[in-house]
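Chain nomenclature is as follows: A, B, C, D, E and F, assigned in order of appearance, with residue numbering initiated at 1 for each chain independently.
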Amino acid sequence: MFSIDLADDAQLFPLEVWHAEEFLAHIDRGREFIGQFIGFPDRATDLESARQLLRSNAEKAAADGRRLYGIRAGGTLVGGVLFADFDAAAGNCEVGCWMEPAGTGRGLVTKACRVLIDWAFDVRGMHRAEWHVAGGNEKSIAVARRLGFTREGVLRQSHLHRGVRQDIEVWSLLADEWAAARTA
Amino acid sequence: MFSIDLADDAQLFPLEVWHAEEFLAHIDRGREFIGQFIGFPDRATDLESARQLLRSNAEKAAADGRRLYGIRAGGTLVGGVLFADFDAAAGNCEVGCWMEPAGTGRGLVTKACRVLIDWAFDVRGMHRAEWHVAGGNEKSIAVARRLGFTREGVLRQSHLHRGVRQDIEVWSLLADEWAAARTA
Amino acid sequence: MFSIDLADDAQLFPLEVWHAEEFLAHIDRGREFIGQFIGFPDRATDLESARQLLRSNAEKAAADGRRLYGIRAGGTLVGGVLFADFDAAAGNCEVGCWMEPAGTGRGLVTKACRVLIDWAFDVRGMHRAEWHVAGGNEKSIAVARRLGFTREGVLRQSHLHRGVRQDIEVWSLLADEWAAARTA
Amino acid sequence: MFSIDLADDAQLFPLEVWHAEEFLAHIDRGREFIGQFIGFPDRATDLESARQLLRSNAEKAAADGRRLYGIRAGGTLVGGVLFADFDAAAGNCEVGCWMEPAGTGRGLVTKACRVLIDWAFDVRGMHRAEWHVAGGNEKSIAVARRLGFTREGVLRQSHLHRGVRQDIEVWSLLADEWAAARTA
Amino acid sequence: MFSIDLADDAQLFPLEVWHAEEFLAHIDRGREFIGQFIGFPDRATDLESARQLLRSNAEKAAADGRRLYGIRAGGTLVGGVLFADFDAAAGNCEVGCWMEPAGTGRGLVTKACRVLIDWAFDVRGMHRAEWHVAGGNEKSIAVARRLGFTREGVLRQSHLHRGVRQDIEVWSLLADEWAAARTA
Amino acid sequence: MFSIDLADDAQLFPLEVWHAEEFLAHIDRGREFIGQFIGFPDRATDLESARQLLRSNAEKAAADGRRLYGIRAGGTLVGGVLFADFDAAAGNCEVGCWMEPAGTGRGLVTKACRVLIDWAFDVRGMHRAEWHVAGGNEKSIAVARRLGFTREGVLRQSHLHRGVRQDIEVWSLLADEWAAARTA
């Protein structure tokens, strides 16, 4: 019902359990590409597991926690952004993204993340946003840099993905940094 | 984060658990007026009970069931509409509304209900929407009539509200009736 | 352990989880006939699903809600009656029935419903009982009429059963109507 | 709704959550007497705790486990019998009783226990029934003896009741013993 | 991480969910021997059921209830002892054991039980420990006798194991008996 | 029942729900000192909340997750170490500590952490251990350094403690680093 225009033909919207078929079709198209760094493709392998993934995320959103948002381009779900973690009491959240090839190269993720970060800092009064990214994921690192995140450190060999231990970079953005960047 | 404009200064948005303070302030203002026919004011009497009401509704929404939407006018929450029931498998839903005095007389509820019904029939493929209303609630009956609902019957003395048994009228709208009305 | 005689060789009794085998055999015999209007045959298809159906009903009964009662004729379970809904706080309940062919034509359902309605109104102080019936279910409509229920309206195309949308008639009986009918 | 006559003016019936007020009044009358050996009076001290006690028992009954039955004499709840434990898969159950002074001396408990034991052995195919009784509870021991139970042993100082450790006698009755006694 | 030496090459340790593979291998070796009197071999038949068994026991231990302890000899899990029941509020517990053939004949179970009983009586202030044993399980009866337990009675045909009803002997040990035996 | 000697008069042991009184007395003694950087003193303020804290930790331990261990010196609980997080599937854990003044200055925490890390890497096959510490907590930083952890970064203003946002340093230790340090 609700959406925000990211571009003429691209929208951001809350991803809910009834989107399971659309979500699965999207994951099927991007399974190889997305799966390089993101766990979704290994968890959503059929309609039932896709529904389960969306359902468990929706339950967290209902408790004001983790939230998923889809991005449609030309009417097709091509990726999304998320609050991988959202802890209102602590004032901390973690932002992330995923995208199938057809959705890349247009700045949609960056625009979508701006919407999330604006909401987190301005509407919800959060203090700090994190961005976790595997060391080799250049596209994602570029988004973090573009959004003004600061690299805080590397969690060495901390993420086991498809049998390989990846280094995870932690980047962060503080509320006052975000405010300063906008007025600059 | 998401909203739909109902008028120049009025928006429809998903009502979530973190709106508890805003929701309580709204209910406090409209407690007497809303409480004539609606149970919310008797259930949301302080911040904790307001949060609990929103939380239990959000859990149902997460399971693709009951959903609450707020309406802001001039930046103030003045009422809302809801799917009192939403059963995708059965193809049936029930639409409803509530409003504090400051929000009435501008057609906001009717506009908001159109958004919900469009979504239910066009996006979600529902077959039938119901509208339940106490016999004496003329404002609500007028909305149902305006939206094209048909009166199907009266559930005699079926709703116990503040010690009095009210007759409840059941009105309904079918998907093809909604489609026909738009093309008329 | 407990039962009420409905006739020389017919008894009404609480249907519990340990009756699963007997219940399944009954549903197997009446699967086609009962399944015309009632959902039980599509839900209880083997011993495990029969047990699950009885178990979930028993949990509601334990919370003073929905309750199932079986009817045996000549020692065989041939059907039953139920409180499809029982809300003591609201003073409302819904009564219903189902029967395999071997149990029909003897007035057992009507007698059993009288027992339930007496209990609901006299012992439990309920205010209103409903009877929901598909438009074409003449046998069930006849029972409602015989018991003194009043037809309140028709919920158009509201019940999806085996791919077809049925109209559902809502009938009701109020406590004082029941009392008046007995003293008449 | 259901009951079994134990005498002209005495009935056995399933004790359910909606009997909470009647149950509490009974416990209030018999608090001192019943509390000598039985824990109910210390657990059901007001309406909420009485309801909670009945509710948790009803949930076990719904799962084919522990079950409570009340005994009314002259229309007043004066005590009851129970399956303190009921394990259909193992074929074992434990029978017990409690009574306020007004209900004693008429053999109501013995008659009620016969109903339970008949049902357990004949209808449910149980193999063994136990009777647990504090060493000094002569009335309860007399019931066990009258019903044909055999004393199997004494669990020394095993039951902590109101700060005192009581010896608990275990008595049992096997299905074939019960059958033989009836044909004797 | 933690263990207690029972002998030069034998240790007692808390058995936890992550021991599932080791536990299953042990049960596989002792399946026939242990299964004569103990239910574990029939419940732990593959890795998933072994893990489930250990998990459900660990949840009880977390609530200060039932607890499992393994015994390793020469680095191999050969059996264990348990609090089959542990009720701190009541002051009662039940001790038990199981062993594959390779672990028998060395007094490991008796030593391990001494550790448990010392802890129950001295550290936790328990009042009474029980030992339940099938009538023909001479090895287990010998352990109970060696530990100073007293035979209190026989629960006739009370334990259904692999289709046969076994008599269960109940033995017990009181805290002051244990204290006296040590000072004797 | 189980413990490991850290020194002549100091032991490490699993902290369980039945230690609630001892734990609360310890927290009461160290409330001011421990509370500078650790949340326990604000959560365990009476016996019920202490029990609840230990119970919720025990439930995680039962699922092979977070685990608490106490340290006694001279028979008194003076602090402890913990796996703040333990994810066997991912191969990652987080180690931490807390101590009242009476327990400091003897190297007990360092010794206890060695026990935990040995177990995590050698017995459980973990790959990486983290150490999270507030920027100003020099004592805790010294422990991390002594154990061979490497500082990976600073999570700026990420921890809200008693109204102040603390920087959190993340340190880590990899399994092969631990192995190399021992053989050095």
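One rule holds in what follows: a residue touches a chain if its C-beta (ideal position, glycine included) is under 8 Å from a C-beta of that chain, and two chains touch if they have at least 3 such contacts.
Owing to the predicted nature of the structure, the values given are computational and were not obtained by experimental measurement.
Farthest chain from subunit B (centres taken as the mean of C-alpha atoms): E.
Chain geometry summary: the mean Cα position of subunit D and that of subunit E are 32 Å apart.
If you average the CA atoms of subunit B and of subunit E, the two centres end up 60 Å from each other. Subunit D and subunit F have Cα centroids separated by 51 Å. The multi-chain contact residues of subunit F, meaning those touching 2 or more other chains, do not exist; every residue touches at most one other chain. Viewed as a network of touching protein chains, the structure reduces to one closed ring of chains, two contacts apiece.
Ring order of the chains (start at subunit D, first neighbour subunit E): D, E, F, A, B, C.
Taken together, the subunit E residues at the contact with subunit D in this complex read 89-92, 127-128, 130, 150, 152-160, 165, 170, 172, 174. Every residue of subunit D that touches subunit C in the complex is listed here, in rising order: 1-4, 13-14, 16-18, 55, 58-59, 61-64, 88, 115-116, 119, 123-124.
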